[in-house]
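By written order: A, B, C and D. Residues from 1 in each chain.
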Amino acid sequence: MSVSLRRTDEQRMLAESVRDYCAAHCAEQVRAAEGFPWPFWHGLAELGLLSLAVPGEGAGAGEIVTACAELGRAAAPGPIAATVFATHALPERQAVLLSQGKALVSLGKRPLLPWAPLAGVFIETDGDGAWLADPVGEVEPVEMLGGEPWGRVGLRLAQALDRVPTARALSDLALAAYLWGAGRRLLDGVAEHARTRIQFGKAIGSFQAVAHPIVTAGLALTSAEKLTMMAALAMDEGHEDGEVLAVSARLSASRAAVGAALTAHQGFGAIGYSVEGPIGRVAQRIRALATPPGYADGSGEQVLAGYFQKGRP
Amino acid sequence: MDFGFTREEEAFRAEVLEFLTEFRGMNGYFHRGTDTAYGVRQVYRALGERGWLSLSWPEEFGGGGLSPAYEFILWDELAYARAARPPMGPGLVAKALMSHGTDEQRNRFLAGLRRGRINFCLGYSEPDAGSDLASVRTRARRDGRKYVVDGAKCWTSNAHWSDYIWLLCRTGAQDSRSRGLSVLIVPLDTPGVSVSPIPTLDGGRLNEVRFDGVRVPAANRVGAQDQGWQVVSSALAVERHVQFPPKRLRRDLHDVLAALEDAGVAGDPVVRRRMGQLAVRVTEVEALGLALLGEVISGAPSAVPAAYHKLAGTTLAQDIAHAGLEFGAQQALAVGTDTEFLWRQTILETIGGGTSEVMRGLIARQEFGLRA
Amino acid sequence: MSVSLRRTDEQRMLAESVRDYCAAHCAEQVRAAEGFPWPFWHGLAELGLLSLAVPGEGAGAGEIVTACAELGRAAAPGPIAATVFATHALPERQAVLLSQGKALVSLGKRPLLPWAPLAGVFIETDGDGAWLADPVGEVEPVEMLGGEPWGRVGLRLAQALDRVPTARALSDLALAAYLWGAGRRLLDGVAEHARTRIQFGKAIGSFQAVAHPIVTAGLALTSAEKLTMMAALAMDEGHEDGEVLAVSARLSASRAAVGAALTAHQGFGAIGYSVEGPIGRVAQRIRALATPPGYADGSGEQVLAGYFQKGRP
Amino acid sequence: MDFGFTREEEAFRAEVLEFLTEFRGMNGYFHRGTDTAYGVRQVYRALGERGWLSLSWPEEFGGGGLSPAYEFILWDELAYARAARPPMGPGLVAKALMSHGTDEQRNRFLAGLRRGRINFCLGYSEPDAGSDLASVRTRARRDGRKYVVDGAKCWTSNAHWSDYIWLLCRTGAQDSRSRGLSVLIVPLDTPGVSVSPIPTLDGGRLNEVRFDGVRVPAANRVGAQDQGWQVVSSALAVERHVQFPPKRLRRDLHDVLAALEDAGVAGDPVVRRRMGQLAVRVTEVEALGLALLGEVISGAPSAVPAAYHKLAGTTLAQDIAHAGLEFGAQQALAVGTDTEFLWRQTILETIGGGTSEVMRGLIARQEFGLRA
């Protein structure tokens, strides 16, 4: 076998550095900040984490997935997957603004775009193509589940972007990894809770009614993790299935992370329902990120079609 | 569809709907608006003025002496209108006082409860006693004609605007489990009681209620000392038919369908199929609700039907909410929309009032004889 | 409240008589018989169970549901729901053949119809209308999951039938009740097994991993049962929602019975996988009866539409 | 898509596909045809002639000395072709003999196993020992240089055409649980052994194997007396990567899709969406399978990845089958179609080889530290 679905030594080092940075600089206040935590974001840029997807930089999907998983585990704020997309697809002049952390990107479809109130670069996408765009008029802020700053905005398309299919695949992988990490954070939290919370004279995790749903959520997360790693390897090797695997990974991680969030809520009970509690904000972020841009975005069918082509009769 | 009620009961429903026109836009079923506490108290007072908080109380206590079907209709329609949930005072507390209270206690509380002028909250859960209520630690030590209460309750609904707390506390030995508990009625303005907010994900609040040397007259104990578990259990039994009004689900489904129409996807075959399946499940819960009401009316033991009804209803509420976010696209995420609100709100439904795990355990034992 | 979702005394007596008859005459050999057990079927006719749906006979949906639930619990063979449909919709001359047990009815859609190799009366339905029909040519037997005798057959439509909507609702209720009864049989069996089968030193039912799925299946069955009873009452009272509730009941009972079958299989383990075992044949019958005649039969949407009309804004 | 293998490994896959042209139409993965037993033995012989039953055996035992990736590819492609499952003999039994057997035992069995000329079945389960193997009761009493075996095994696959049974039996005290078990190799033609069929819902058969005073040479014991649990556990560990070949699922999905095309519903949006979701899950299991293979190659403990893989794969097999019946309409019920066959067949997948409940318990303990 030429590949293993384990991290390479280099990826382990990258993961550790991201984890250390987040542990030091991504406290609860940063995650919940009303204003955007620019110093945290600049630090990501200094670590090179915002330029992993820049063409020709030598980093690959494996590194993107590794870094985003740790950012997800830290529930780090910011347009992380969108930055992956944009830095891969934009011309160098705009890409560098983003990879250096000097501006944020808003990537979406009118009228409602994520990060629009804070963005310096706008990209509209219809699922197939993507265009650099200029905002028209004021951005009207909209409060959204998950706490990210969205806005209603008019756009004038300025320039069609290149490398869109690869950019989309890389950002699908970034989102998959982030969701996996965030889901894993919640699942590890509820497993710890289940080991220590006593009811009826014993740890609640010794009840199968509590333990087995944790296992089910763990299965979904592990499935998503392995599929994401497999898809990243496929992208890095230029395998013809790379893009279809990347969208599969996003769908898989979305389902898994939402499942982990709900399992964590049920396991934590009322403790988890407090705004100040251990899971609420992250669960909401997961739910928001897992919501597809348009439900009928055809991702499932795309996977099916891709899969079908491979079938031998 | 409303089904199975008498002509008189349906006439009462019409009155309820008429009453509700006064409270259109009121959102007291959930903790959604900022004026919830004030508004809900107004609803309760208005209901009290009509005698609707005591529909099924025996006439000897000033009640209507009517079938529990009237209560069911009332709270079912208030749930559909999102106006209010059944209050603890005229329901659980009043009925417990009728079976376990002294004449003095009945005289002191029942009139005010009936009129909607006295509000109670339930002091059951504690930081270390959530599903396992028998491990309650809040202690009431007898001191002459008083009890001295020390401890803390948490996740207490409505404590910040109630007049009294219906307190389950330990009067027996530390390890006496359910055999050493008593119920005390404690005025929330007693010195030593402090209420602090626990903001919740639905935008509302629960409360922590601390007791620091709180002196409570022994005359406020309901039932015998150390017999609190029986008081609490029998009180629960008489309110089962209004705990989860099925029309709450019908309204959820209608709200989500409206959001999907706004999003332009209500005609999509995948959406229609899923919503059709959810609609079937709503009718299931309506049938379970009717069956439960029938059990309560007949006086049959109803723990298993109540557990089935709660399990089915709360799980379905979550599934309806999840469909809203799955199909509603990103506009379903905007804060304040029914879709994202229901996602946040329904999380608590399978936890509060007995977790789904506890419900399943009860059914496993009582219906299937499985000691799991 | 004017109704209760409990059986009336008369219905309890009816249920007992059906149960007693089945206990005496519907042994395993009858259920699994290669040839059709005519004596058993004639006995049903003598008990009046095949004429419950005949217009003007005084029996109602409540009796149909009561009887069919017991037939389902006994896993009784025969075109039970189809007989309900046919005896309600057919002209008296043909109906009497069926209600006296002198012929079996095949109700379905070309080319593949249930009970065709044995049927003396054929009815084709397209979901809206229904027609008495004459077979054309030979019936080619087809072996189907569930063990009922199906056949490929040509039909020539002879006569449009009356009272089709009510006939369909009554047969939906009959099928719902039969499925509920069959599912309940399996669930009661696996619960008994869980109480008595010892593994790891205790009854397997004391593991929540075994007990809680039984509860989940019990919830679905009880939901279907209550909905079926409610729908039957609605039909008997001529309530405008009767038909939509009847189709809801069929969908509900189909889901519940299939769930109970799978739960029973998982709980019985290898014991249940034996052909001679306690559940296999009944589980297959359930799966076959729960399979809609055409998956896109619109039942779900019909329910939704019916439900919607009742909504108050 | 096949992914992650070396050029040499892919070249081997091409050889396997070429080999399979000889066995097109062979249906030995399932017990579907009447000629299964004969046919499967032919496949094993043909594989043995090519040295493909011993791909990853060490060269010192006459094996190929190749990576477990080769075994994985072989059995994955045979699963897609529905040709055969990995036989117990050259897999589990041979590898256990390499670690726990005597030189005499290796000399006696390995060559025949490698060539596909000897077939073993596994004698583990008993009427009262299904999930709980430590409660095995079949008893082997030492009598000089022999053991005398009494008892019964059941649900034993392939016993009716195997040469030997790999018997887990009790040599210690009745209540010795896993500490008092031993493994014996018993020729199925030994006097006192009787095999009777248990017809199963997939149209195949399992077997009951009874032992009535069966005399087995002590030289047939594998590993030390009372150390059978260790033999069985370590033997299980080395075969995890081929126990549930993921391409079995890809084939299931293809077969169901073909049936839905025949039924004219493959283009329906509801069908397409569900099948798309199932396709994503198939790729998940393929990824879990690759990850498991990587663990086996690296020599890491792999019980948790194997349990995840089995749980995911077996549950998905059932869900694919259920979709076939849900969408395939009544023609999906005709006996012999892929749809109805898969519905019957997949029922056993979450039971045999460790139930889903046992898998979840293992993961709860080993991954999450939950003693449930």
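Here are some notes:
Here is the rule we go by: a contact is a pair of C-beta atoms (placed from the backbone, for glycine too) under 8 Å apart; a residue touches a chain by one contact, two chains touch by 3 or more.
Treat the numbers as computed from the prediction; the structure is a model and nothing was measured.
Shared contacts of chain A and chain D, meaning chains that touch the two of them, come down to B, C.
Most remote from chain B, judged by the distance between CA-atom centroids, is D. Taking each chain's centre as the average of its CA atoms, chain B and chain D sit 53 Å apart. Between the Cα centres of chain B and chain C there is a gap of 38 Å.
Centre-to-centre spacing of chain A and chain C amounts to 48 Å, using the average Cα coordinate of each chain.
Taken residue by residue, chain C touches two or more other chains at 207-210, 212, whereas all remaining positions touch fewer.
Shown for chain D are the residues that touch two or more other chains, namely 268, 270, 273, 357, 360-361.
If each chain is drawn as a node and touching chains are joined, the picture has every node linked to every other.
Note for the complex: chain A touches chain D at residues 1-6, 191, 194-195, 203, 205-208, 210-212, 214-216, 218-219, 222-224, 226-227, 229-230, 233-234, 239-241, 245, 248, 251-252, 299-304, 307-308, 310-313.
Residues of chain A touching chain B in their complex: 108, 112, 142-146, 150, 198-200, 207, 209-210, 262, 265-266, 269-270, 273-276, 280, 284, 287-288, 291-296. Across the complex, chain C is touched by residues 125, 128-132, 135, 154-155, 198-201, 206, 265, 268, 270-271, 318, 325-336, 340, 343-344, 347-348, 350-352, 355-357, 360-361 of chain D. By the touch criterion given at the top, residues 207-209, 212 of chain C touch chain A in their complex.
Within the complex formed with chain A, the residues of chain D that make contact are 1, 3-6, 9, 67, 69, 80, 250, 253-254, 257, 272-273, 275-277, 279-288, 290-291, 293-294, 297-298, 308, 311-312, 357, 360-361, 363-364, 367-372.
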